[in-house]
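Some structures are shown below for you to check.
After this come two complexes, each holding subunit A, first together with subunit B and then together with subunit C.
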Partner chain A sequence: MSVSYKSIQWNRQKIIYDLLLVATIALYLYLFVWSTQWFGGADVERGLRAIWIRAYGSAAFILLHVILSIGPLTRLSPKFYPLLFNRRHMGVVMFLLGVQHARGTLAWYHDFGNLDPIVSLLTGNLNFGFIPFPFELLGIGGLLILGLMAITSHDFWLHNLTAPVWKALHMCVYLAYSLLVGHVFLGALQTNKHPFLTIAVGIGLVWIVGVHFWAARKEAGCDRQTFLINTEGFADIGSISEIPENRAKVVTLAGERIAVFKYDGKISAISNVCQHQNGPLGEGKILDGCITCPWHGYQYRPEDGASPPPFTEKVPTFAVRLQGDRIFLSATPNLPGTPVEPAVIA
Partner chain B sequence: MTTNNPQPQDEFYVNYLPMPRSWSAFLLKFLPLLIAGVLIFAYILPTVHDQYNKGGFSKRTDYLGYLVANPVPHLIVPRPGNTEAGADYSYYLLAAGNKAGPPKKVMEQAGNWVTLTGLPIARNNLTLLAAFKAETAEAPEGFDLDLKGKSLGEFTVEGEIVDPKCYNGVMKPGRTKTHRGCAIRCISGGIPPTLVSHNAQGDTIYFVLSDLEDQAVNDRVLNIVGDPLRITGEVVQFGDTFVLKADPETYEVI
Partner chain C sequence: MILSRRQAHLYIFTALVVVLPLTFVVATILRPQYGPLAADAESLFTTNGFNLDEDAIADSETLKGKGISLDVAALAAEGEQWLVVQPSKILKRPDLLLYWQAGSDAPEELGEDAVLLGALSGRSQRRFPLPESMQGEAGQLVIYSHGGQVIVTTMELPAALTK
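Entry: the complex of A and B
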């Protein structure tokens, strides 16, 4: 977290993450071109320009699958969290690979002709039947969305667009993925009929849909159980002993997920949704007296849901009462940052 | 409903803290597998792409030939030596160095014998010359110029329209859907549209396309380039080259 905007706040783990990412992509591109020449020999296109187009495009498409898998995988196991915190760099790199793919395509297939390359790209194929459909348009659509996401990936935009707008914009990655699957299906798979390619794209699609469904099913379980809310607006959500020290139990009351933390002989409750990128605060931990989000380390005081100065993020708080070992939680949220007296464990 | 503490060992990580040992142990197994999987794709994907063929181009050469404008720009080049076993001339399609038909200055010489400087781009028995210049030349002695060809009758053939410059080897594969945009550009620019067909034995046969009035069909086939087609028409043989004469309105997408 930071109170001022810096282009990138480097730390050791971010550097390792990025080095690993860049090295893998460089190795992928090199191996792709090498493999093409190794197997093709003299039968490969001179200049290798189309080979690079395929290398960039396939690298971007594979990376998109990795990026889309990280979110649901963290819902299934927290051990994937270290892949998530720098995911936006992965997204920007994927966009740049897509740009290289598009630049190569524009120059190689649409330049040196009787039309401006961009006009040629947009108007060359006007057959909008299913299989003849101009797959290039689907690729352009996907790339524009990924570009918008890459441009707004910095926290500056998250803050200025507000978290809900930013999140909605970045959920468009699924629209981009759909467009790009169409781009590959109506493009590369129509030229390259080898079953390996079709099967690989199919498995990728089934995996992305399946892992999201799997994670959603697990999340839905959290929301299914209902609690009886008494006349004072409080619900018995369980016993103190269920919550480990400095950790939380997440419950859903009146449609809102609430993280109930136990720490220093006290119980406090705040919204489960981090103000940064809507991370699950209830899977966080209290460090240095603050609830710490597992996604990017944003922190909030359990007593008032506010980030410690000079930070300014705030989340709603909830009143908590104890009766013996039982925790009673108010279903009514207080305004973000409202101080609430913690329930003290006797 | 509740979610109990998701980390029974109370392991926790954010990027400014040390990673729990069991998490780093997990990632040390998972990441190499993920990276290896990605790199396996880099190795295998090129082998299953349609991007290898024997087509290609060599170096600029001067050709003595008779320059013809219709139905498509081409050069009739006498073959030297004993040609009793085959045709005594080659039928070379013509284009420019870019995605266009041969330069205007070259085609102004149509109907003449010329020395044409061009880059040969060949695949199987189909050759296209990227023409750069042409100068009037003396007709070779003893060569019987054949401008009418030999009609082989009416045939129905199935195949795909390509631009023979890319298909022949400038691009690989230079055909089908991914190349469609480029082929449209080439054919609209004046490169002779050619039908690539395969017979029952798997042999590849090429048909230069013409309409019934011996005119080029370029502008009338742009919307079906790269599509599987069925064309019925008269096949006329020029040397080793076949010209398929049919009204483009009768081309069927199959």
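Entry: the complex of A and C
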């Protein structure tokens, strides 16, 4: 939500986030190179550049696991939302680490022959059986996708592509993850048989696919909610007492989620989908009289689903009725920004 | 996320939860069991002087010059006298030649009578046959940059290493 265009809206949180990110990666790279030299003895001297290639590659791979963990972890606990706030910077840094890994690989393994390094990389192994698979191609594929995502990560693209298209594009990270996991399985793990590496990669795999599958199943369970819609087009979605003050109950009705908020003795309902990145508004709370998205702090008034001036974002609203303690919600959305009289709690 | 994206996420991970662990298991099971060299390569390494018979080494010493040190051993094998040379650290220059020159003083220029033993590279161990003129003689090992046409360093080679 911004009135005037700024390429990056730096604030204190983003600066702290980025400083911690860069410091952690720098520390990891230093420890990786130092410990490899320390434990590897004098023989590793000849391969210092190869050690850096592994340091960059492993840093990018670990960071990819961290990034992919954040989404499902926010399903577990809202305490993880601060990690999600600046996740895109983490993604761009991961891409840059991947580029360094690729540059080092080209220069170290493919730059001493009579072939162009790129040609050497692409033609060095053409065995498309299972093993030895040309795992480099999987890495290239993953890196290209991450590059596309890094380029389009800015809000400029989010705004112009619209959130659903942008989100679909960025779900390609799962394809990139699959390619990069294959790159490691069929590359590093084929030659480095140390049990630690195999177990670490295996645990990472089980964690990522496990936590995502669990989160997806949990979300699907929530989406399977069914409510009986009466002849007036309203559904009984529960009691007032179920909803904490300034918080919401999220229900799936008529094909999408709706956030029903209780605040100041009133009940209002708006779409659960934030206009910015389609974040879950119903998991946010009302701050300064506005529903605040837990992802990036976009705000909407509960009465009309519109952002307070001078901002212009709008989401659909829904009519609400109360009968005793029961809340009846209209299954028909109003146009985004349409004012709806809140239901007053007697 | 909107409903259709959530469904796509579920479908994607329903597939990945099967495919990726399966790939991991198969890739781990099928990884090649062969080492970087086979047992039948031993003779090749021996022929090229990489495998040293410790009993055949008469004497050995680490010789130090300016910025370079060499582990040097005298070897009697295959009816010949050999000088086995291995740099202690990686040589930074790619064009180094090893000469032997008679005399006790370090030469400033490569003499006409200097004997070329061979090339040095990286940390590779090299085995040079000792010419008769060199056997039992003390002298100077001269490391010479072929590209720069200069002596990089010299080190005294005792007679014990040329016997």
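Just so it is clear, the second predicted complex is superposed on the first by the 341 of 346 C-alpha atoms of A that agree within 3 Å, B and C clash if a C-alpha of one lies under 4 Å from a C-alpha of the other, contacts with A are read in each partner's own complex, and residues count from 1 in each chain.
What we mean here is this: contacts are C-beta pairs under 8 Å (C-beta built on N, C-alpha and C of every residue); 3 or more make two chains touch, one makes a residue touch a chain.
Because the structure is a prediction, the values reported are computed rather than measured.
For the composite obtained by superposing both complexes on subunit A, the positions of subunit B and subunit C are in clash. Of the two partner chains, neither subunit B nor subunit C is touched by A:Pro308. By the touch criterion defined above, A:Leu186 reaches both subunit B and subunit C. Of the two partner chains placed by the overlay, subunit B and subunit C both lie in contact with A:Pro132. When the shared chain is aligned, no partner comes close enough to touch A:Pro339: not subunit B, not subunit C. Contact with both subunit B and subunit C is seen for A:Asp223 once the two complexes are overlaid on the shared chain.
In the superposition on chain A, A:Gly265 contacts neither subunit B nor subunit C. In the overlay built on the shared chain, the residue A:His212 is in contact with subunit C alone; subunit B does not reach it.
Once the two complexes are laid over each other on the shared chain, residue contacts for A:Met171 go to subunit C alone; subunit B is not touched. After overlaying the two complexes on the shared chain, residue contacts for A:Gly289 are found with neither subunit B nor subunit C. In the superposed model, more residues of subunit A are touched by B than by the other of subunit B and subunit C. Comparing 22-30, 58-66, 76-84 or 148-156 from subunit C against subunit B in the aligned model shows that the clashing stretch is 76-84. Touched by subunit B in one complex and by subunit C in the other are residues 42, 45-46, 131-132, 186, 190, 193, 223, 252 of subunit A. Partner subunit B is touched in their complex by these residues of subunit A: 11, 13-14, 20, 24, 27-29, 31-32, 35-36, 39-40, 42-46, 50-51, 54-55, 58-59, 62, 66, 78-79, 81-83, 85-86, 108-110, 112-115, 120-121, 124-127, 131-132, 134-136, 186-188, 190-194, 196-197, 200, 221-226, 237-238, 242-244, 246-252, 282-285, 287, 292-294, 296-297. For subunit C in complex with subunit A, the touching residues are 1-10, 12-14, 16-17, 19-21, 23-24, 26-28, 30-32, 89-90, 122-123. Of all residues in subunit A, only 42, 45-46, 130-132, 164, 167-168, 171, 174, 178, 181-182, 185-186, 189-190, 193, 198, 201-202, 205-206, 209-210, 212-213, 216-217, 219-220, 223, 252, 255-257, 273, 278 touch subunit C in the complex they form. Against subunit A, the residues of subunit B that register as touching in their complex are 1-7, 10-17, 19, 22-23, 26-27, 31, 34-35, 38-39, 41-54, 56-57, 98-100, 169-173, 175-182, 184-186, 188-189, 223-224, 227.
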